[in-house]
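Which chain is which? They are A, B, C and D, in the order written, and residues in each are numbered from 1.
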Amino acid sequence: MVRVGILGAAGYTGGELIRLLINHPEVEIVFANSESNAGNKVYDVHEGLMGDTELVFTSEMPFDQVDVVFFCFGHGKSEAFLKEHSIPANVKIIDLAQDFRIKGDHDYVYGLPEIHKEEIAKCQHLANPGCFATCIQLGLLPLAKAGLLTKDIAVNAITGSTGAGQKPSATTHFSWRDNNFSVYKLFTHQHLHEICQTLNELKPAEAPHVVDTLDEGYEAEGVTVDFIPYRGDFARGIFCTEVVTLNQCPVENDIVALYKNFYEGAAFTHYSDKALDLKQVVNTNKGLVHVDVFGRKVVITSMIDNLLKGAVGQAVQNMNIMFGLDERAGLNLKASAF
Amino acid sequence: MVRVGILGAAGYTGGELIRLLINHPEVEIVFANSESNAGNKVYDVHEGLMGDTELVFTSEMPFDQVDVVFFCFGHGKSEAFLKEHSIPANVKIIDLAQDFRIKGDHDYVYGLPEIHKEEIAKCQHLANPGCFATCIQLGLLPLAKAGLLTKDIAVNAITGSTGAGQKPSATTHFSWRDNNFSVYKLFTHQHLHEICQTLNELKPAEAPHVVDTLDEGYEAEGVTVDFIPYRGDFARGIFCTEVVTLNQCPVENDIVALYKNFYEGAAFTHYSDKALDLKQVVNTNKGLVHVDVFGRKVVITSMIDNLLKGAVGQAVQNMNIMFGLDERAGLNLKASAF
Amino acid sequence: MVRVGILGAAGYTGGELIRLLINHPEVEIVFANSESNAGNKVYDVHEGLMGDTELVFTSEMPFDQVDVVFFCFGHGKSEAFLKEHSIPANVKIIDLAQDFRIKGDHDYVYGLPEIHKEEIAKCQHLANPGCFATCIQLGLLPLAKAGLLTKDIAVNAITGSTGAGQKPSATTHFSWRDNNFSVYKLFTHQHLHEICQTLNELKPAEAPHVVDTLDEGYEAEGVTVDFIPYRGDFARGIFCTEVVTLNQCPVENDIVALYKNFYEGAAFTHYSDKALDLKQVVNTNKGLVHVDVFGRKVVITSMIDNLLKGAVGQAVQNMNIMFGLDERAGLNLKASAF
Amino acid sequence: MVRVGILGAAGYTGGELIRLLINHPEVEIVFANSESNAGNKVYDVHEGLMGDTELVFTSEMPFDQVDVVFFCFGHGKSEAFLKEHSIPANVKIIDLAQDFRIKGDHDYVYGLPEIHKEEIAKCQHLANPGCFATCIQLGLLPLAKAGLLTKDIAVNAITGSTGAGQKPSATTHFSWRDNNFSVYKLFTHQHLHEICQTLNELKPAEAPHVVDTLDEGYEAEGVTVDFIPYRGDFARGIFCTEVVTLNQCPVENDIVALYKNFYEGAAFTHYSDKALDLKQVVNTNKGLVHVDVFGRKVVITSMIDNLLKGAVGQAVQNMNIMFGLDERAGLNLKASAF
């Protein structure tokens, strides 16, 4: 059994992580840390857990009793936490925030199993990818690796309200969001950093560099990911289209084969021969991808559940890989479908 | 032209009132008061008004230039405002809050046109009914007047999220409310006061008194309105059922005739021969009522748009009556239907 | 391993059953029968199964290779099927339709585990309860057994659109149902039969009989279940309130204790000390129940997922009991929560 | 008073047209034709009209008593109808279907008032634009006229379910569509024809031709409108983004000024300085447009209500122009906002 500690356990992702881990056959939750909820039952804070667990929040952090710690803090707090607390070297860390996703002066591996499975298996510290970033990368990885990203990429991605977190706000007010639709952070979403990092890492040396439009001095030249995020009026899921213009008209079957081969061994990401709709992945850890070709343009549809494959589901998948467990352990979730 | 001033114009009901009044053929908005938004365009605060009006919020309150003032404050603030400000005696007041709905040491008329049209026409000060209260009363008035409310009344009413106001909260968070359903304040909703007041006012002398379950010392004896409010996952509207048990089995047609006659002259409340669905009234000032009979039990369905017939639409209807205008002026609203 | 055959496997409940059974640790699906889809992959028909199973529909029905058959037909077809086909006596049958729910000239046990666990464990043929019926009974069982149902019972129950089945219709059209609300079959829903059967079976001999308002000659006298079903604008779940008027004012704690004791050993039905909201049970096999007391009136809130505890989840629970498995096997579902 | 006849009055757009026209100050509805509903009250078929009109459907078509006829048929039926029926030359025709939108052997004017107001004022026969086509054109017209459409245009447009019409189908089933999201007809939507026709008509001679990707022999070269339509889980409205890559980096203010000037005199289409959300236009006849600039890329957001500005609202606007009425007559609709 993998002994697990959870920091930020009373938050949004903390709750979803507990919902997963209580049914994981190889996991024991040793502590669910929350200063403000210490002593409260987990099911009093997180919906849907009554009758499933008698787990109680604790203000303690007994790192010596666990094999892995999940950081379910808000963005920017992981780094701060590590400066103030000492976690034993043998305890693995899985960070759900964006603090260590960009390579730098740290040893965190970017946890996208579709391309980094071997590094993940060996790593001690893992940075779990962002939700938009995961979905968009799943759509672009095969073309990136094949060196076909040679022109600007039009990315449109619609997210559910759970992507905005737990705190009530004007744009998550039901009266506003119900039957509404809007854009935000167009061309400037922070996930562009990790997307560009991966695309450049994966591409053949001769393929052109992908320019990060968030970087200073950007002037809209070079290959760019033109990313427009939308707020949808649904709770869970991210639905993306990515349009890539190739240098020449491809054969549709070749592109489909490229995708099928790329995801052949993936535990949760699959190529679908049919057009997609979001509820096929909601409440599962899956990524589904579909491709259409028009002249020189390849139109990819990709989708995930933002809280699962886009957050804690992928974190558990990474934990499974890090501990040599079956990659699907604890993640055979019933699709809600309706 | 009726010259109108609006207090609390930057709030929820203030916005909906402006949306109505800018198209009212007999109204001129003289001022839309908001301390915090003074100088801002109204369409910058209230959705859907761009291109319709260049009205600007003001911090002033020139009462001498208006014929009527609408109070769009939160509950409890109308009374406080009147203590601190002096409004000329010739300026009429329409208060949308609950401060003066219950009879007492004041001259406010309870503005339910279906029963108080004559008093409204003559009054200087008007208390606009609550949203649940309006919908439930429309369902019960004919039976009350006929003295048929002789046993407990089971009332179930589902409200949209706009009933909860503008301020974001846990139960109006889209991620929570979307596809969700819940109860609140069961048997203890504050609108019971005005409902009971009306039912007792309207009933024949010999019919039993309706007991207000919110009053101290209540022990569930006597005729009571057993009111269960629900939070629905829609934005606008209130849908009610009221089950009344008669002393004897009635003839269904007699009950239907009672309702049809009662609402024959009503400008916005109609009896429908067919079963109802909420979107028939959404975005209109209508009340629709339908009746079924089973043995001794009469099951009434009643529904309104909570922001219109349940708030500002009814307020404008009252204004029309108070100023001798066509009762429907400015209220011939296109039903949204979908 | 329990070897399972599914009839009507391409239908709505058939799909949800497959979604459950592919993850059930003690089950092997031997055949998923569908004449019209024979040869098609299950994931081409049922959303959310891509990557989870390569199961293919078959037109065959090898009853000699299975231990149990699930009937996922529409109502009325189970009886017809049995007249035309011979199922070996040693093969158990779980019927999800209403054909055998009412006692009569057959040996089907009514499969509500909260009251019939022993009979279920021994039975060969099982009639799985209806969705509304399950939810309403969970709310009323403790009072019924205690003999406290002595006056009319006001039941209001809101169902999601999946309760209306797969076939598109006017009242399941998104343009109509979105943000809409309506009633149907008020006082005449067919589930009243099984509800009344249970309440009368469970009550002490001296307690008054519950009259089935659907029976001929009903005149609204006696204890009745006054059931108003509503169509909610959500996809999954049933949310009920039941108001029971007692002969005397009870002590609230006594009523709460009655409920807690009644459901103490239940695998999926729990008493909640806090008010309920529907998404606590959506995508799970749980029933949650809560009680408030006002004077002589007991207000119960009960809720389930209509497709799981209200249909196939309860069917699998019953199968577990019939085969001596852990009652929760295959039913430790992650709550969707959002 | 303009005397109006409506063909196809029992259909979807027929109903919305009646909802508008009964409140139009200069219109008298002479006949609302429907073979199958002849004799039925209009409010028995179309939601939201009870109490507003006693209009009855008729099987007759007294063309000699009207000034204008609205064709509310499905696509393709207008042409067939005209072959079988004779409409007096002095009776104007407004066709809501796509039959005459593309120029050819007919005298129908394409009724987009933002560019064709003079032709509309003089025309006898009018083809009302499509919903997607209207929204996308409003986003692109200023750039097209300025000759700035010199590279491929990425268009993403999300439509509500009412765009799919009245007939229930798999993709309008509430259980499927609720909280779901999907694409359809990507790069092949039929509205591309009218969009390309307008863009080429409006552009300066020297600007490159826009290629219609639906035309035979298309090979993805030339300026194209790369249009991806999405099904949103809301009932009303279309929300679009259009990304146009210019030859050089523009000054943002210049682009904004281009848009403001272009729409300065428009009755219903406005430039918004702030980011848009769909409910600002729902239940109104407005088009709202907003622009952002990133390097050489111009990102336009445009939106309308698909049933109003995208169908019958625009048809009434065109009627107003054709008869010399105030362009906004009957179209000062209260925004629903929530």
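By definition in this document, a contact is a pair of C-beta atoms (placed from the backbone, for glycine too) under 8 Å apart; a residue touches a chain by one contact, two chains touch by 3 or more.
Source: prediction; values computed, not measured.
When chain centres are defined as mean Cα coordinates, A lies farthest from chain B.
Between B-D and C-D, more contacting C-beta pairs join the chains of B-D.
Between chain C and chain D, the centres computed from C-alpha atoms are 47 Å apart.
Here the CA centre of chain A is 39 Å from the CA centre of chain D.
Centre to centre, using the average C-alpha position, chain B and chain D are separated by 36 Å.
The multi-chain contact residues of chain B, meaning those touching 2 or more other chains, are 160, 162, 175, 178-179, 233-236, 277, 279, 282, 338. Residues of chain A that touch chain C in their complex: 15-16, 19-20, 23, 44, 46-52, 162, 178-179, 235-236, 268, 270, 272, 274, 277, 279-284, 286, 288, 307, 332-338. Interface residues of chain D, counted against chain C in their complex, comprise 160-162, 164, 166, 168-170, 172-175, 177-179, 233-235.
Chain A meets chain D in the complex at residues 152, 154, 156, 158, 160, 175-176, 178-184, 186-187, 213, 218-221, 226, 228, 230, 232-237, 239, 241, 243, 245, 249, 275-279, 282, 292, 294-297, 299, 301, 338.
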